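Next come two complexes built around subunit A: one with subunit B, the other with subunit C.
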Partner chain A sequence: MGLLRDTLRELRYYPSAIVGLVIISLLVLFSIYTVIAIPYEEAITLWRGGETVWYRLPRTVPPAWTNLFRSKKLPESLILDSREGAAERTEESLSKGEGKQIRLVYTFNFSYDEFPEDLSLYFYPTYTEKPPFVSVLWVTPDGREIRITDQAVKRGAFRFIQDKKLQRRLRRKVGDFPANVALFADPASTEADEPVPLKGTYRLEVLATTFDQESNLEAELIVYGKVYGIAGTDHLRRDLKVALMWGAPVALAFGLLAAVGTTVTTMIIAAIGVWFSGIVDGIIQRITEVNLMLPLLPILIMIGTFYSRSIWVILGATILFSIFGASIKTYRAIFLQIRESPYIEAARAYGASDFRIIFRYLIPRILPILIPNLVTLIPSFVFLEASLAVLGLGDPILPTWGKLIQDSLSNGALYKGLYYWVLEPSALLMITGLGFAMLGFTLDRVFNPRLREI
Partner chain B sequence: MAEQALPVEKGVTAPAGESTFMRLAKYTLMRTVVLFFTVVAGVYVTVIIANMGGYVDEIRRGEIRENISIAVMNNPAYKSYTLEQKRELIEELSRLEEKRLGLDKPFLVRSFFFLRNALTLRLGFAQRMVSDAGSRQVRLIILERLPTTLLLFGTADLLLFFSSVFIALILSRQYGSFWDRVFVALSPTSAAPGWFYGIFLILVFASWLRILPFGDLVDVPPPETPVLYALSVLKHLILPTMAIIIGAIFVSVYSWRTFFLIYSSEDYVELARAKGLSDRTIERRYILRPTLPTIITNFALLVISLWTGAPILETVFNWPGLGRTLFQAIGLFDVPVIVGSTVIFAYLLAITVFLLDILYAIVDPRVRIGGGGGR
Partner chain C sequence: MTLTAPVDTKATSTTVLLSVRNLRVWFELRKFGLGVAGYVRAVDGVSFDLYEGEAIAVVGESGCGKSSLMRTILGLHRPREGQIIFDGRDISRFTRDELRWYRTRVGYVQQDPYGALPPFMTVRGILEEPLVVAGVKDKQERLERIRQVMREVKMTPVDDFLSKFPHQLSGGQQQRIVIARAILLEPRLLVADEPVSMLDASVRVEILTLLRQLQEQHNLSVIYITHDLSTVRYFSERIFVMYAGQIIEKGPVNEILENPKHPYTWALLAATPEPDPQNVHKFREVPPGEPPSLITPPSGCRFHPRCAKIIHGTCERQVPPGFEVSPEHIVQCWLYEE
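Now for the complex of A and B:
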């Protein structure tokens, strides 16, 4: 442990090591926070739950903070749910005693420079026989009233853009624009055919008539914006935040396990080979040469396609094929030198067993080379996992950074200019890779004084 | 990295009686034999992995059935048979043929059949993919895509090697300068693979600035004259080559410059300086030469890792090479193509190692003079 303390003390003098350590600690904290804030089960539901989980979010929109850099502010998403008290509610019984009238008034302020992406009204009626009859009225800030729809509603959505009747009505009243534009447009601008949104307070009134006293109606108004949340959304309306957050623990776990598994096993095998020499050493050398000839990624692709895409299977295969890597030769060269040291001879003289010598005398001497190697290996495994995901062989369940990149690339994010979708996971991958690589490179210089002098 | 910079043992003497050429030839022959066995073992491992679920068996069965179907359908002797009779005949003949080829033998025996087929490039028929010329033979599909892959990676590897050596030499001359520190500081960026930078390059040059193509080999439609065609290919080559180079150059410059520095602190370099030799001569004769074997070993490992990354780099750049064929085969679940491409990749690695081995023999005086042998 003295070694560790000395190293840490020395690392203070290397800014890149400090940056690397800070990045790694932040990543670890971020991962712990993620696992606590969005437990595994919840993350899976959020990521793979289907439309019923994602319907509230707009489709492929950048994160909300991008508005800071825009002169024309894009609208944020607005969710007004009467079940959560977001609507002003008045009820009165009808005179005959059969049924009642429910009025839901949604009021919201709209002060953006662009039109929203879409509008939807979700109805949640409760009734026994006859569904409630609903009239919806739109009131603009300048007091114009536009009738949206009159219909009996069952549980479901009214989509403003897709409604033909509304479209016809709007064409007569406002002009030939889709509903999301027509409803928000400044009347002065629609005449010039260059619609600009009218800023101010909008109102949506839902007037429902029920046919018995027990019936009820709740409704949810969603104004889909053009920006969303801290990370934006993808083509399935999923919040990228979930995958970005969960990518961290997955990447760290994969990188760390693969790097530790590989380096430690490689080292032990190299030590055994050197110590027993002869046939054992020869076999290990030959296996290494054959293994160097095996194309790792295509073989992992083969395993992923034929057998299992689970991240743990891929992890196991990765470790297995990396054990006999090029570093075995490096370790071997060093072990060969150590083997000739006098203290090894002394250990033999007092009758230490082979394995005692290997594990107590040979291996500890190589740690100064091993630790930087291990740290530098982590990012290459993190990127390997991402590579497999980009090839469509990512874990079928877990959301990872690589899968985000794959989603974005296969949905043409680069062609369509949806840069946030590509850049967010890439930036996180880059930061993770750089953090470990910076620390690893510095450790290499600290532990190998030959490099430090230069 | 730096561990490979351990100084070579010095004071090797030449045994008399053999010419340099003979020794080189002997060394090359030895390496060829060793590499051949290594490749055979590598391909065997690939076959075994592929066949763990009996996939290669299926490929073979499919191939047999295909051949027999064609033979039966084209044979005038069976012309009077109904479709049902023909199908029965095909079943029967396939069963016999499978038996003849030993597909009913135990796996250990069969695996050697597969090995022989893989080594002779009898890779079977694709299930869904077709080569541009219309053939369904995996070998033809792969051979058709191979040149583009070689073009891309050959260009990138050569550029990478020469620019890295050049920059590393310059930096070792001005140790501690601004650019030296820039390269040292940037060396951790090589932790990310080429395709990763490829995405950024596409974003900047194709999507944002719109001055270079997103990917693919040539413009659509392809230019008519050969000169224009070549220029179009060249234009499409820029971004993927840049991606490969950016992904590797900083770390290789960093470690090669370190090799140069280690060798330039040797006593004989001091002596050469004292003798008053020019800097150029010292660099060429006393620093570059002894460092080259180490650099080539280092470069060999780098090239191997670059080859391995081909499927994804070609996919990102939509480059119609071997790697993208593998990617398409994954999408279509075309088993023979997947296995075939993997085998070809193993060959490519072997050929790369072989070429670099010969280069190593040429630059390493120990091999030429006949001392300590290879690596």
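Now for the complex of A and C:
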């Protein structure tokens, strides 16, 4: 198809086509990267993981880069894990030869204008009989020392905000503030009842006493920030990045398969109808007319509600109902014209079979119309999938852009001012649509020069 | 109305290749999509014999049924009545396989060379198609046959043209490709539907000469369909004049051109332009009226409403039989009733 190649080469002269192509190639590369970086199984376990996977992340916080546009910098999350060497560790054996003393010192710099969301200390002790006894001490940049807790620890979390004893102690020492504020507040500001965080180097000291030589203690300090990562998190502490990344291959696959599936089948059916005419054409036309009256979205909602919400079932139903769409009429009109071409008559005269005429003579003529049509159709199917997800009929397993929007709406994201949650997937959807639309409209101009401006 | 071997000087054999017997091609007119409202009698009782290696010209104005006649001979339309006997066998009784064989025996040259070539295929692809359809499996053999036929139609050097698309060729070159495609399967009959009417005057003669050469080389029988009598002389041994679905006059070329008998043939010949400067000042007589409706053709002689020589009382009542005015020259007109 040298003609096709020449036409595609012409795309170079259209900036919109180049922009469209760049967007599409970036999306494709992004999808490939996603599928390799977060394999399907992993993505699903991550997305359905819940607190056990995501306990380190703060809840519903915007992405970290939003700090660039804020005058008051929001704190980022801090994860200091002694197992990863994030704590300074000293050990000494006790004189009796039984047990040892382990000292873990976490030092971090805090220079934000807002208080962190929460603080947690996760303990991972190993012991045979008696769990280690732990004393935790908080040292502020100005040298004040605040005792956090003294307790025997089993595997589990110490949550600063929820601890009653700490709360009482802090009320006496600092004022009636929750732990995340009290621990970081500038003493000068607490008296005025308008706490601001004290910037500088904080230290948390964990002093553990074990009761036998084999016992050990590791601990993880998490200071939950108010921003996270490049995409932020949702109400289940999940990193939106996973869903945003996986949304791309799902959207592209759905859009492409649905668009190719419908256009190609529609075209073949239209060609068959036109070529055999008579009763075949009549049946195809009547089916199309009936199908045109059937509302696709309610049918898909019904399928989703009563049968299956799997993306593949929805894809199949979409293709099935779109095949006998309005484009059958368009293609038919064009095929009727092509059918009368002398070269088709010539082909009949040298004995080409019906099948050969349909596939070798009728269909290639329509490709110039088909290709732009197909490209512009892709985003409409991407949007359809997103719409279904927003209506709560998204695939229950796969994370998609539409499902992010649905999650955000059902959790009142806009009401709570969590705009990032809605805007991120919407922006990706719009960029996808834009890329295909730009390429599609340009292809239309290139293939159908009559549409060009005079 | 029997025919004997043509008295033409050309060495045509006496074997009949194609024999058309009382052929009628009617198209149904539908009423409300159901029921038949009537018929378009495109071809209404045509009979003739075509000998091997002979070229005949079918002339007539637009809408006289010559294209329907040709399409029926090509097997593209089914006749309503009558027979087309090719090489002793009736093509309307052919099975699918026989029909495929028949189609390799008949070549077709169309009027509009650009339309006749699929615009998305290269010359090579276009010429390969009939071979693939005919079941030539070997790619090398196909290419070899394409090269050979390209040389025959004088599209040399062959390799320069093989990868070209139709729009990259001139009208004359396109028509040569159409001819190449028609003779590719080594047919015995060539049907040429106004092969030069869409070409420039300068290439017409070339194409006609080429067709003539090919006809002689391959001993082809040719049915040459045209409305242009000026090109007929180059080409054919006999002329059939068609009017309203019937052959009203037939005979050797020189007879018809120099001694036409039917009033309609006179009109046709008078309408043929001749390159004479004096013609600018001359007004041509054309028969009044429109070509008749093929749905309700006139009674009697179909030309009578437009005929200047009408014999009232006879022409509108009775269909004229064929009168042999001179050997081989048969005319259907009451003027020549002895």
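The criterion applied here is as follows: the second predicted complex is superposed on the first by the 450 of 454 C-alpha atoms of A that agree within 3 Å, B and C clash if a C-alpha of one lies under 4 Å from a C-alpha of the other, contacts with A are read in each partner's own complex, and residues count from 1 in each chain.
Assume a residue touches a chain if its C-beta (ideal position, glycine included) is under 8 Å from a C-beta of that chain, and two chains touch if they have at least 3 such contacts.
Predicted model, so just to flag it, every value in this text is computed and none were measured.
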{"item": "First (subunit B), second (subunit C), both or neither touched by A:L393", "value": "first"}
{"item": "Partner chain in contact with A:M430 - subunit B first, subunit C second, else both or neither", "value": "first"}
{"item": "First, second, both or neither for A:Y343, with subunit B first and subunit C second", "value": "second"}
{"item": "More subunit A residues in contact - subunit B or subunit C", "value": "B"}
{"item": "Partner chain in contact with A:Y112 - subunit B first, subunit C second, else both or neither", "value": "neither"}
{"item": "Contacts of A:G351 with subunit B and subunit C, given as first, second, both or neither", "value": "second"}
{"item": "First (subunit B), second (subunit C), both or neither touched by A:Y415", "value": "first"}
{"item": "Interface residues of subunit A shared between complexes with subunit B and subunit C", "value": "none"}
{"item": "Residues of subunit A defined as touching subunit B within the complex", "value": "16, 286, 289-299, 301-307, 326, 329-330, 333-334, 369, 376, 379-380, 383, 386-387, 390-393, 405, 409, 414-415, 417, 419, 422-423, 426, 429-430, 433-434, 436-438, 440-441, 444, 448, 450-451, 454"}
{"item": "Subunit B to subunit A touching residues, read off their complex", "value": "1-6, 34, 38-39, 41-42, 45-46, 49-50, 52-53, 55, 175, 185, 187-193, 195-196, 199-200, 202-203, 206-207, 214, 258, 261-262, 265, 301, 304, 307-312, 315-316, 326-327, 330-331, 333, 335, 338-339, 341-342, 345-346, 348-350, 353, 375"}
{"item": "Contact footprint of subunit C on subunit A as seen in their complex", "value": "1-3, 341-343, 345-353, 356, 360-361, 364-365, 367"}
{"item": "Contact footprint of subunit A on subunit C as seen in their complex", "value": "71, 74-76, 99-100, 103-104, 106, 108, 110-112, 115-120, 122, 129-130, 133-134, 163, 165, 178, 181, 185"}
